[in-house]
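Per-chain numbering from 1; labels A, B, C and D assigned in written order.
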């Protein structure tokens, strides 16, 4: 850790102290602020609030499943809980998690800009995010209860059930547009606000991944918007679109739903890959291996990821041609992810590695994301998919990608960047312990699901056959361990950010621009026009030996 | 874990073992490499890192090798799937109707039951139809599954290989009692089936005494 | 990709707009007339082709795409290709025996 | 350098180019939003060709044609208002925007009569007459109402944009050297036109 060379020259008041609007202090100086850093922080706290709610729902679901039959809640509540768990986790935690929080905060800094290009639009996105989120959660309080359709809102069940599906649809619609506006803002910012010396290939890889993500956000999200709007219209006005009773085709709904929702998986995972690509070189003190391959693989993932949606529908009775094509491209899209994993590993090779908490989370990420990827290969094989589709194997698979991947990416980003954002360090020892507990709990929670899934345990089951109980018990115990770990981790971060020791400008020894400015950053980020000469991962000051490659 | 109860079971399990085996090897490779790097190149042991930009040969290598492996996985999956789609023309036709939350099976002679009875070794084609929302017809032991829709005529076939009772589950979320939408398929000797098929009237459906006898 | 940061405005004369407008009206006339003739399956293709031609003019002249930077053109191609993929790939399912 | 000096050295210029880029990206989302509907249309038309054909007979081509002309003309006046603004001819520009809004009202009035005629004939979602028709026709009219309805909603939003622009012109916030908001509103309006260019043949001209 380069704690030494930090001549504390002029320290200007940070963004935490200086407001952009007429309210000097208090809540209004935050919720009316157009500063990208404050908006990032606002996203962070609102996201964490929603995350807590959804974790609690997940905890209840797991507790219910510890034994067959009714344990603590009835079937209706269970169905509503897993629906809300999905909606909140996906639309309010995983999708905005990295772009809206850390992207907002660090994207402008990393490209040497003062702010995003449309600051007011940025604030509006946050309002839509909060508003949409409250809509989703508040539907629980209405008579009839919140939606019980699953987060996929499959037609015709979503048209027929008596629960409050409409608020959930509206929530998802609003959240979709919040996501679109963030994406639009980022694309334009990256094109227009880059420091004049920062060419495309001097951009940090996190920025590259956000760029690819933003394009998917802009081009795929409207499809879910219109699809959910159609379900709402169908529900309220009885217009015949998807309902088979009126001649509609439920499979078409699934096509449209997954046209967005599969690329959405890449909206979730790409920024996490970006975070991993940031953290590995910093803690290995080494230039990243294969910069261009990682950058282009992000774009490749964004592109091929848009071509594979129907692999969620292999049991729906599509044409054999469609089965063939979508299964084949599913394998193609795995290649860029594999490229990334191998490049990350190679970056560790002959580095000088320090096992600080962010790096530990990245290690968990690599292993868990790989498991998610490998089980994805199994699900991509047609004959095998037929057996595994809609079982808890799938549940485990996507939790490995989304939670084990993106979730851990978010935790890594928190441990990496929060000291910069708040200027204080958390307790490293406690953070390491928390990492251990979270990783163990996480794997104990989802590993058993693979086994029972292969044995034929369908997903979204309130009740189950007694033969599956051992796996459910193991999984539920895992959930307790995980939650204990999460509580330790967040408490440690919270205390650290409030009372921890002040950190220097560059506690980890990073080389990207955010580590070259004051901690916490000042209002418009840079005191002077930053000097950009080398690429983002130039560790030549540590690296004495040079190895040239063929 | 791997019981061969239908003509598809072995194939699906083989594809699973193939992909799982390969994955396991690579995963162990990744974990071992990572742990080795972390220990061997820790800041204490290796304070001075080495500058390595990129290596085209390696990049090409780890693009093409996975690609070849992936295509082989795809191929095995596709071949297995093609069998699932090649329905023999002499298959016994059974109409399966799904409703919230139960299954009804209708035999060619009009007999309706809530449990499926099938002679061992015979090809069976199930025409799937739903009267309300989406369901999915799933027999885990046979490794088959297909979604059931209201205005789309999906079908599925299997040839059972072992006498016994196997679960039929609904795999597509369909509301309150989704998890209770279980039924069973009884695989019986051809003679047993014939006598059952002839003697059971359309109303009788499941007969516990007979069921016990079959499973004996 | 070079994006110059300077702003240059391109003024299009009224006359040009009227000219384009007349062209668009003419195409509208053609498409209505042609729709009366039965070309079988080609009817829809012809109608869509004319609609595409009309959009081309609206995009290029009314929406000034002709005078915008390369990046904008690249963007619009990206968006259209994405849409065509979404539409086309859906038909992997529908245009073959299901 | 203090932050004020920094601001001078690296000024936050007004980025009209960036605004237009943002607007275009937004238009893409609108395009894909309608794109989803076009996918639904394409699939159902493919599945029910004959019934779509039959149902389309019931739409009035004249109304459709009138609306097409109204939108094309308003698109031209919207584009012209930018030229007028660039030339500093603010009053003419405002006049052209008013004409654009006028055509938008022609469109909406037309649409109103068209829909009410349909509804009087008993063709509306959930009506007995419609439900008695074959599946393909139910889907056709479902799509007809949703697609033209959503399009009309965009017409209304476009009008609101233009009214907002007129206010800003009055306030002097939009003038001959600063008119990117007018440009963006016009872009939005052209998109509304573009979508109609496809809706018209797809619903009115399947004969």
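The criterion applied here is as follows: a contact is a pair of C-beta atoms (placed from the backbone, for glycine too) under 8 Å apart; a residue touches a chain by one contact, two chains touch by 3 or more.
Treat the numbers as computed from the prediction; the structure is a model and nothing was measured.
Between C-D and A-B, more C-beta contact pairs are found at A-B.
Centre to centre, using the average C-alpha position, subunit C and subunit D are separated by 15 Å.
Subunit A and subunit B have Cα centroids lying 31 Å from one another.
Remark: subunit A and subunit D have CA centroids separated by 35 Å (rounded to whole angstrom).
Our note on geometry: subunit B versus subunit C, Cα centroid distance of 46 Å, whole angstroms.
Multi-chain contact residues of subunit A (touching two or more other chains) are listed as 191-192, 219-220, 223, 247-249, 251-252, 255, 259, 317, 320.
The residues of subunit C that reach two or more other chains are 3, 5, 71, 79, 82, 86, 90, 94-95, 98, listed in rising order.
Counting partners per residue, subunit B has 152 as the residues that reach two or more other chains.
Every pair of chains that touch is listed here: A-B, A-C, A-D, C-D. On the side of subunit A, the complex with subunit B involves touching residues 75-76, 79, 148-150, 154, 156-157, 160-161, 244-245, 247-251, 284-287, 289-293, 315-317, 320, 323-324, 327-328, 330-332, 334-335, 338-339, 341-343, 345-346, 348-355, 363, 366-367, 370-371, 374-375, 377-378, 380-387, 389-391, 454-456, 458-465, 539-540, 542-547, 549-550. The residues of subunit B lying in touch with subunit A in their complex are 1, 8, 11-12, 15-16, 19-20, 23, 26-27, 30-31, 33-34, 37-38, 41-43, 46-59, 62-63, 66-67, 70-71, 73-74, 76-85, 132-134, 136, 138, 140-141, 143-147, 149-152, 154, 167, 169-180, 182.
By the touch criterion stated above, subunit A contacts subunit C in their complex at residues 191-192, 200, 215, 219-220, 223, 251-252, 255, 259, 306-307, 309-310, 317-322, 325-326. Touching subunit A in their complex are the following residues of subunit D: 1-3, 5-7, 9-10, 12, 15, 17-18, 21-22, 25-26, 28-37, 39-40, 43-44, 47-48, 125-126, 131, 134-136, 138-139, 141-143, 145-146.
Remark: subunit C residues 3, 5, 7, 9, 11-14, 17-18, 20-21, 24-25, 28, 31-32, 35-36, 38, 43-44, 47-48, 50-51, 54-55, 58-59, 61-64, 68-69, 71-72, 75-76, 79, 82-83, 86-87, 90-91, 94-95 touch subunit D in the complex.
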